[in-house]
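Should a chain be cited, it is by its letter among A, B, C and D, assigned in written order, with residues numbered from 1 in that chain.
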Amino acid sequence: MTPEMQNLYQELILEHNHYPRNYGRVENPTHEAEGYNPLCGDQVHLTLRVEEERIADIRFEGKSCAICRAATSVMTTVVKGAAIAEADRYFEAFHQLLTQEEAPLVSSLPAAVQEKLRIFSTVRLFPIRVKCATLPWHTLRVALHEPEKKIATTE
Amino acid sequence: MQELVAWARKVREDFPILRSLHPSGRPLIYLDNAATAQKPLAVIEKLADFYRYTNANIHRGVHWLSQEATQAYEAARERVAAFIGAASEKEVVFVRGATEGINLIAQGLRRVWFSPGDEILVTQAEHHANIVPWHIVAEEVPISLRPVPLTPAGGIDLAAVAQAFTERTRLVAISAMSNVLGTEFPVAEVAAMARERGIPVLVDACQAVVHRPIRVQEWGVDFLVFSGHKLYGPTGIGVVYMRAPWGEKLPPYQGGGDMIRRVTWGGSRYAPPPAKFEAGTPPIAEAIALAEALRYLEEKVGWDFIQAYERYLCDYTEAALQSVPGITLYGTARPKGAVWSFNIGEIHPHDVGTFLDQAGIAVRVGHHCAQPLMDALGVAATVRASLAFYNLPEEIDQLAQTLHEVVRFFAHTPSAP
Amino acid sequence: MQELVAWARKVREDFPILRSLHPSGRPLIYLDNAATAQKPLAVIEKLADFYRYTNANIHRGVHWLSQEATQAYEAARERVAAFIGAASEKEVVFVRGATEGINLIAQGLRRVWFSPGDEILVTQAEHHANIVPWHIVAEEVPISLRPVPLTPAGGIDLAAVAQAFTERTRLVAISAMSNVLGTEFPVAEVAAMARERGIPVLVDACQAVVHRPIRVQEWGVDFLVFSGHKLYGPTGIGVVYMRAPWGEKLPPYQGGGDMIRRVTWGGSRYAPPPAKFEAGTPPIAEAIALAEALRYLEEKVGWDFIQAYERYLCDYTEAALQSVPGITLYGTARPKGAVWSFNIGEIHPHDVGTFLDQAGIAVRVGHHCAQPLMDALGVAATVRASLAFYNLPEEIDQLAQTLHEVVRFFAHTPSAP
Amino acid sequence: MTPEMQNLYQELILEHNHYPRNYGRVENPTHEAEGYNPLCGDQVHLTLRVEEERIADIRFEGKSCAICRAATSVMTTVVKGAAIAEADRYFEAFHQLLTQEEAPLVSSLPAAVQEKLRIFSTVRLFPIRVKCATLPWHTLRVALHEPEKKIATTE
């Protein structure tokens, strides 16, 4: 067991992978989208119920690696109940956290959200895995803002 | 056995990259050979020497450098022809790689061979390189692919092949060895069945050619392709074998310099094959370096050694992998080359791949450009370890040991939230 | 001038082959640069280092080597994009060379752009690489080429271009610089005329790109191609620039791995450009070495130097050649790059070429893959001397002196039989 | 002026180039063919009158390099009046002389023919020029034996 691996697979990531939150399908969803990473076959299906510009409910299904599954689980917990505009801010912050050395955006988020997103900060050191963690967020964006696309891919 | 391993240790020294360290400081264990092979110093030096001493454009020069380069390039063609047992070096066309090779053949057949409704018989295990070119043809001439299903072990039954032929079958296009399962398919037998029916045969020999020399005439096939970079040669070079009458029959693939006899504004007349299929400046240095790879394999390493040692290494690997709890091996049919695809329980291959990488072990994870096969196996992806004659038993030990660690790591149940 | 020549002497040392001796013992004078350029050590070493330290297949690997190779390959794409002034590196597709590039575009346009009867506007000076691909298209969709005639000096009049447009013109496909005449054609002006008419423009920049950096957006063109091997890079690599909307519009050229999004037996969905146009394992090492050539030219040699020194060398060469009795120079229009085609009286170019070769001077003789231009000039062949920034004035002296000897040798009237 | 060049361009070659024999066209030819070397543009047009399996007359036209022109001129002088079978033997001998280190065939030919063909023996040392010298012979072969081809090319 290498220290790098322990870094990447934080206990909380393993925990979310093992006990995913909000797994399943929302009934009568108002929004949905499919996420697909052709590189490794990660696949995420999101269903949402949006009410008055707020994500009233969100659930996911799909087969994916531990990073992707945990990231999706975490995502559902932080965006559930959030306004769409808020969710968009989380997306930006998360994306920056995973792709840039300096990631100030995340510090502006609510402490509880910050904490949850930061468990993925070491993923940045594994560039090939970044897409695993961002796939659910890209999928959320498609579901909310480009529903006609139906599918989010990372290429 | 000991002599085989000793010789592997010796030839391994010819590959500078195998002395690399992973950024974590661990020694590189390269088990991604089916994706691309590493290059012996002889090949690297040949490339550099070409540019240092002989570089010129070919076929068109009266000057000495151009003549030397032309001779070296044409000698490379002759060596390739001898290597695959072609009747003439004129049946050997240099291309970028196997993918371009199949596209060249596919577009030629589109124009002179296929009619709407025709079928191509393939196996369920084809690489995208032997699927997508036909889909592109089908956008213009509606043809379809008929895959021969695999046995549960990952082989093909000749009875199933016989059943797959229909009166619309116009081509058999199969890989000689699966890049996912390692299965070696019975090419000669399938080719004989096709010949009986008057149907031409194309063989994707990308993987097969790496593990044993092949003889196109004994196989009795019409077309065969492979890539240089998997055969210890450079990138940017591949080979199309095209049995003599096909070279006349197929129209040229690309137009440009060197493939013509006469050009006027009204039209072009083409040169005879192989020139007809090599428009423009070809990958000159790459062809010469590929020939050097063949020389190195034949004269230094030895194909007898490669076959004997890889057989030993395969048995060793199979035993080692089978010791991993929860492992599923895909492809157990024989004969089988040195490629192992597997999954471990519910652990996602991507997680396994990262774990192995951190241990310095390079394997491939994903669909291996064989999505229809993944669909048939019912998985999105697999982990693939593929071996070359420079891999050592202790590298396999390391692989197995790390896989045990992967199992332990992901077996650990985190405390509930 | 002296500083320029001194710098040429200095950078010349970076090219190992330029220290070669002809088998006769005479030093090599390499004046066949338009056919292919020699390679600086930086490029040769880059190639070798890739295979020594970073070799892996790209785009599909979780392991570190594959990630490093992928990064280097994509960084090469970015450098090429910056070099030609593309709006995005996504507009850069790697191919084998200019010839493949034009064929890729031609076959794409065949499927989504041309209708029977359409015309392509070209110049009379095109290389076969910009003629034969259209003839191959014409075998399926009857289109024709309309060549703009050259002025006696070997240039083109914009008035003649204007006249050549018809209502059937669907594409302008011109070279930016003739590989025979050296003429640099007014690409930006012609492109503007085409744009006014809503017609896309393809530029064959093989020769132009070697002598000065080009800016695709300033030229306002839709497609542009060039070959790595003429630009001091390796064989087996070339570039297609494809302005953004065209990458979506054109269908893929070849099918295979890495250019797909999803493959089932029923059909394939394709990846976005540039991946869509790069099926299979690309020329990885070659792309990386081409980027190194660009780095070398920009950072070590300097484009300002190249342009200033070549201008000097051109004037020097023109004067030297004009001193040869009976010489006919083809292509005197300005602006003109460092390419000189000529004939001497009735002496056949092939005899001149052999004579020069024996003096260690490598030139090209023949039709230079431009038979329609030869027909227009009324000759079967010419002698062509083409220069690079590493050529020296004394090499030109040697060329001129040997040509004087050629004249004397063939002027000698043998005694009658 | 290099010694290699003097070797290649034997005085007799220069002489035949300068004063080609049998230049022109045979009237009412029974056989003809065109020779073309796409590499350098050498072009040879042969016209023949064959009577009773014998080459009664032969002439040539065309633009070509000195080697090719001299070789054509020499060829016409040696095959004119010869039986077709003899001309075929000359072809074999000439081809061997230019492409092989050991060339015994030529020694079996009549002395006068031998002498004329041997002025091209140094061409062997210039591989790229061999086709220049053999082009007329290939053209003759097409004219005599494969008239339906019409064109001989060297590729």
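Criterion: a contact is a pair of C-beta atoms (placed from the backbone, for glycine too) under 8 Å apart; a residue touches a chain by one contact, two chains touch by 3 or more.
The shown structure was predicted, so the numbers you read here are calculated from the model rather than taken from an experiment.
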{"item": "Separation of subunit A from subunit C, taking each centre as the mean of its C-alpha atoms, in whole Å", "value": "48"}
{"item": "Length of the line joining the C-alpha centres of subunit B and subunit C, rounded to whole Å", "value": "32"}
{"item": "Interchain centroid distance [CA atoms averaged], subunit A/subunit B, Å", "value": "38"}
{"item": "Centre distance in Å when subunit A and subunit D are each reduced to the mean of their C-alpha atoms", "value": "80"}
{"item": "Touching two or more other chains - residues of subunit C", "value": "60-62, 260, 262, 350, 353-354, 365-366"}
{"item": "For subunit D, residues contacting two or more additional chains", "value": "38-40, 128-129"}
{"item": "Chain contact topology (line, ring, star, complete or other)", "value": "other"}
{"item": "Complete list of chain pairs which touch one another", "value": "A-B, A-C, B-C, B-D, C-D"}
{"item": "Parts of subunit B lying in touch with subunit A, wherever the complex brings them together", "value": "24, 347-351, 354-355, 358-359, 365-367, 374, 380-381, 405, 408-410, 412-417"}
{"item": "Residues of subunit B defined as touching subunit D within the complex", "value": "59-62, 67, 260-262, 271-272, 275"}
{"item": "Complex contact set, residues of subunit B against subunit C", "value": "16-17, 20, 22-23, 28, 30, 32, 35-36, 38-39, 43-45, 47-48, 51-57, 60-66, 96-100, 102-103, 106-107, 111, 127-129, 131-136, 138-140, 145, 147, 227, 229, 234-237, 251-260, 262-265, 267-268, 279-286, 350, 353-354, 356-357, 361-366, 369, 371-372, 375"}
{"item": "Contact footprint of subunit B on subunit D as seen in their complex", "value": "36, 38-40, 127-129, 153, 155"}
{"item": "Contact footprint of subunit B on subunit A as seen in their complex", "value": "1-2, 4-5, 8-9, 11, 14-16, 18-19, 21, 38-43, 63-67, 126, 128-129, 132"}
